[in-house]
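Quick heads-up: structures coming right below.
Next come two complexes, and both contain subunit A; in the first it sits with subunit B, in the second with subunit C.
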Partner chain A sequence: MIAAEPQMTGTPADTTPALSLQRLSRHFGATRALRDVSLDIAEGEFFTIVGPSGSGKTTLLRILAGLDRPTSGALLLRGQDVTLQPPNKRPTAMVFQSLALFDHRSVGQNVEFALKMRGVGAEARKTRALELLELVRLGADYYGRPVTQCSGGERQRVALARALASDPEILFFDEPLSALDYRLRKTLEVELRGLQRRTGRTFVYITHSLEEAMVMSDRIGIMKDGALVQVGTPSQIYDRPRDRFVARFMGEVNILEIRDGRLVELDTPLPGRADGYLVLRPEALSPTESGLPIRCTVLERFQLGSRVQLHLDTPAGLMIAEQPASCTLQAGDEATFSFDPDAAHRVSE
Partner chain B sequence: MKKQLQALWLTVILVLLYVPILSVILASLANTRYMRFPHRNWSIGAYTDAFSQQETLVLHLVSLKVAALVTLLALVLATLGAMAFARYDWRGRSIYQKAVVLPIFFPQPVLGLALLLFFSALGITPSWKTAVFAHLVWILPIVTLVISIRLFGYDPAQEDAARDLGATRLQTLREVTLPHLAPGLISGGLFAFLLSWSNLPLSIFTTGADTTLPEWLFSRVATNYAPVVSAIAVIGTLASVLFGLVVLAALWMQRRAARQSSSASASISTA
Partner chain C sequence: MKQRAGYLFMAPVALFLLVGFATPIFIVGWYSLIEPRTFELTSDLTLANYRAAFTEGYGGPFYWSILGAFATVATCALLAWPTAKMLHARAGRGAAIVTGLIAVPIFVSESVRLFGLSLFLMPGGGILAGSLKALFGVSIGTVLNTKIAVWLGLVYVHFPFMLFPLLLGVALIPQDRIDAARDLGASRWQVLREIELPLALPGLAIGALLTFVLCIGANAEAAILGGQAVTVVTRAIEQRFSYAQDWPMGAALTMLVTLVTALVVFPVLSRIDLNRLIRR
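Right after this comes the complex of A and B.
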């Protein structure tokens, strides 16, 4: 059974990283799918790799699981070099994007597969499988059911139970929730996070949805064109994106260029800030005159639950602002929005 | 009324399919060289002749050994070929895929002649072994198609998953890949066996001194007919029907065993 105690992350006694990626590169012919990725993932951490499709996330995860080998670089698992170790020798397990359930077998046979491969007897396998089905909130009556008769969410849970069966030290997830509907995804995100806390295992998760990453992760790594561009806690990355790519990836954002002490698009002086770009979150713009003012026309008004999103036609082009639902501005209204340029985060590229 | 028409239609089709076979059985029960009906004398003399001749056994053995070898080789090669098409993306894949299927479109006598010329150019004496090669040229594309349909319909990530869960390559093959391919392998194997077993045009050119069952039947019907020809044809047909029944029975028993074990485990879990 999985250890039920929560494990503290980053305790000084436990300094060997669960996984240490050392300059991993993977080339497919002329394509460089991974470029020099270096990263330490701590024991018990929930680490999420986020990036647009084609950024090399899946390639990276396949190398971590041993399903592919890097062209160069090394991978240490608890300090041991496992770069060339085949997947069946590694104490890790993966939940695949397609789930890859064995569809000619029953739920129970799927969950037991890893144990069967390890030569565990039929009785012990079954006991463990029933425990695991309980853990992922599927009842014992799912045991004999064919996986082809399970719904999307149930298949998800079967895949998770199957990966947990051998009690792996590290679990990998390759966008396992991407095919599910919004509500089910939200439920499973919370459950996954809870499971990770309860088991104290290291989870490495890939997604292209930043929202998913923010909800679950201890730390997030952002990938672009096969390289890790920024690693940090969700709030670090949200508040202090390293560049415009990360800022845009983190949600809707307004970006204004600073050149020679002026805001280029607004043609306004902005002394004391180096050249680069100002990152303005929609909530940083307010319809007051307390900061740097922008004259604009409201183009669209969208109701987002308790808040409204306004699309503004400004001298700098389309900008996006978010206000409480009490805001009375309607499409077509003239307005002045302003922001505090000193509080705004600046990136150099 | 509609139902009766339907029944009539089915009966007509069945009669048209089986009357020729039935007539061979009837012909085998005569004791005259001339096919004439009704017989003046009914006789099973043709069968006692057939069973007392060493030749009957030899003919069946040659055909059986060719068909069995063709089946085995076709299954191995077709599985590998289908894997190459379905799993890997390589240059010239689609051209190769079409080139492999091309022999099916050749009229078989032309293909047989071409192969005979090919063997003699290489200085190979034709025998039942060259016939195996000739049959493969024509049968392999068909079996490859049958198996690749099976391969295209399944997620290769299942093999990654098996490896990731601790299976060796061999275990992955046994536990995941083969069970998936099994229906394709069985139907491909049946195709291979029956197409080889009944092949005449390729065998005529490529068996050399050896004679397969269809070859012998053809030459005796053409030149030297006797009821024993019909009797051997009936025996050969029964042999392949028996083969088919054995395969079906094996499948049925396997399926029943699988159902029993899964329902047994289900009943344990509910208890």
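Right after this comes the complex of A and C.
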């Protein structure tokens, strides 16, 4: 059972992917919600799909769970083609965005649902349900409570326990934390990640929150207009985005165009770099003259806890820099910021 | 300050129910307790009529009315469930037209519809028998003047009363609950039993009660389609009040029907959450 044997998730012993998506497409009439998505998700991996709303991530997850069928393409689960298999025949479980708790049932009945459907006896079901309630940190006294009397965070945990009940090989999460307040979300992110490590199960998680993805994932896939535009570890995607869309999606960024060996907006020569765009994270700009200098005026100063964010008026327009809170620059100050153009990441589109 | 509707707003309907419902029930109740075949409201009260109701062959009419009502409720529910699911899933112009078509017969007099149905069911030259004979050479006996015909008529007349509350009930089932149940391993049958029926229960119960109450009081179906095949309790009551001129007996039977209805309706009504049905 799930909690019994902790195992590490580093290198999967089996090389057959837990899930193999092969050119999955889904069309709704003329709308192409999903275009040729191909991807392998390894056994025991925490894989997060990130994208703006309408990018097709929920459609993709529904196909993975069997709640929808692709227009074309195939889905292999541990090497078995399950493209047309109904959801109740798949060894997977999903935590829904709405949680979809059965409000006409108690917490215990919700958690036991999958076991009841499999014909597990009442005694064994209850034992397992209590175990799961413990695992999601609710405790046995929640067993008989109506779900309608649970708070947002408790409902979240009930949904998680319910999905875990049948010991699924793969768990799907459709933005389950989006309705919770910030603190609770942070707590649950850490708990989910811990749970995933303890159980060694494959988690496929969907969110529009990059922060959530960065905290929890082994790998991230970025979706845009129904296509998977980049797949990689959080740091790969943050440091080496494939294009300006990914760069912008992964947080605050300054983008400078390179054309014919010059930085267009700054009107400065930049020999040796091909045409494209330089991606400068706010922390890459520092108020020194050690690299390529930019004359600017500080427009705004925002305190972000231990750091400050500065909005700069530069010849290239608004640029954003981040500095330790000890930085003394104030709104209205003239300054020179600089960056190392050789270290800066370039994208071609 | 917002002023809430006070008890005065209840006055018109309360007055109407007092004059139109409570008073007649009281008079009927009184009549049921006086000597058989008399009209003496001032005489001594007796339970003789109720004793007669259980000993003098009124069991048959009661049995047929109650059985007919239950059979109609069950049949209508079985027919209305898939219809409601389909209309809900395909909500739009098409569904609105179908819903309208199902409602239209309500605007036609019930007797007219039942005579139409009797033409359909008539033996020999009737539409059903005649068509079967002409097209397939199959001869069937009569359907008209049988209990089957009464049952068909009851279902036909009362189907909308089951369907429309059930449509509201089916609308109470969120699709994501069905998805979640499927995802957790429920077969379609298990989804129906564990999720859909419990969630749609308020609508189903209201539909069933409406149908049941209307069927218990139905008379025309048995009279027009059943011929002499079956005597329903409303027919027996009518005979007591008219030909037999035995008002106390008719009143006792009426009180018993009312009691049976109440015994079915109140337990069900107390278990369903009407607020949920009107999304409050």
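Points worth noting:
Here is the rule we go by: the second predicted complex is superposed on the first by the 338 of 349 C-alpha atoms of A that agree within 3 Å, B and C clash if a C-alpha of one lies under 4 Å from a C-alpha of the other, contacts with A are read in each partner's own complex, and residues count from 1 in each chain.
In this section, a residue touches a chain if its C-beta (ideal position, glycine included) is under 8 Å from a C-beta of that chain, and two chains touch if they have at least 3 such contacts.
These numbers come from a predicted model, not from an experiment.
The superposition on subunit A brings subunit B into a clash with subunit C.
Shared-chain residue A:Leu130: touches subunit B; no touch with subunit C.
In the superposition on chain A, A:Asp141 contacts subunit B only, with no contact to subunit C. Note on subunit A: of its two partners subunit C and subunit B, the one contacting more of its residues is B. Of the two partner chains placed around the shared chain by superposition, subunit B is the only one that A:Ser106 touches, whereas subunit C remains out of contact. In the superposition on chain A, contact of A:Glu349 is made with neither subunit B nor subunit C.
Of the two partner chains, both subunit B and subunit C are touched by A:Pro87. Legend: residue contacts after superposition of the two complexes on their common chain; A:Phe96 is shown touching both subunit B and subunit C. Look at A:Ser166: by the touch rule set out above, it reaches both subunit B and subunit C. In summary, superposing the two complexes on chain A brings one listed stretch of subunit B into steric overlap with subunit C, and the stretch in question is 236-244; the others among 2-10, 218-226 or 236-244 show no clashing C-alpha atoms. Subunit A uses residues 65-67, 86-88, 92-94, 96, 98, 100, 102, 104, 113-114, 117-118, 162-163, 165-166 to touch subunit B in one structure and subunit C in the other.
Note for the complex: subunit B touches subunit A at residues 154-155, 157-158, 160-168, 171, 175-176, 179-180, 262-263, 265-266, 268-270.
Per the touch definition, subunit C reaches subunit A in the complex via residues 174, 176-177, 179-187, 190, 194-195, 198-199.
Contact residues on subunit A toward subunit B in their complex (touch as defined above): 65-67, 86-88, 92-94, 96-98, 100-104, 106, 108, 113-114, 117-118, 126, 130, 140-141, 143-144, 162-163, 165-166. In the complex of the two chains, the subunit A residues touching subunit C come out as 65-67, 86-88, 92-94, 96, 98, 100, 102, 104, 113-114, 116-118, 162-163, 165-166.
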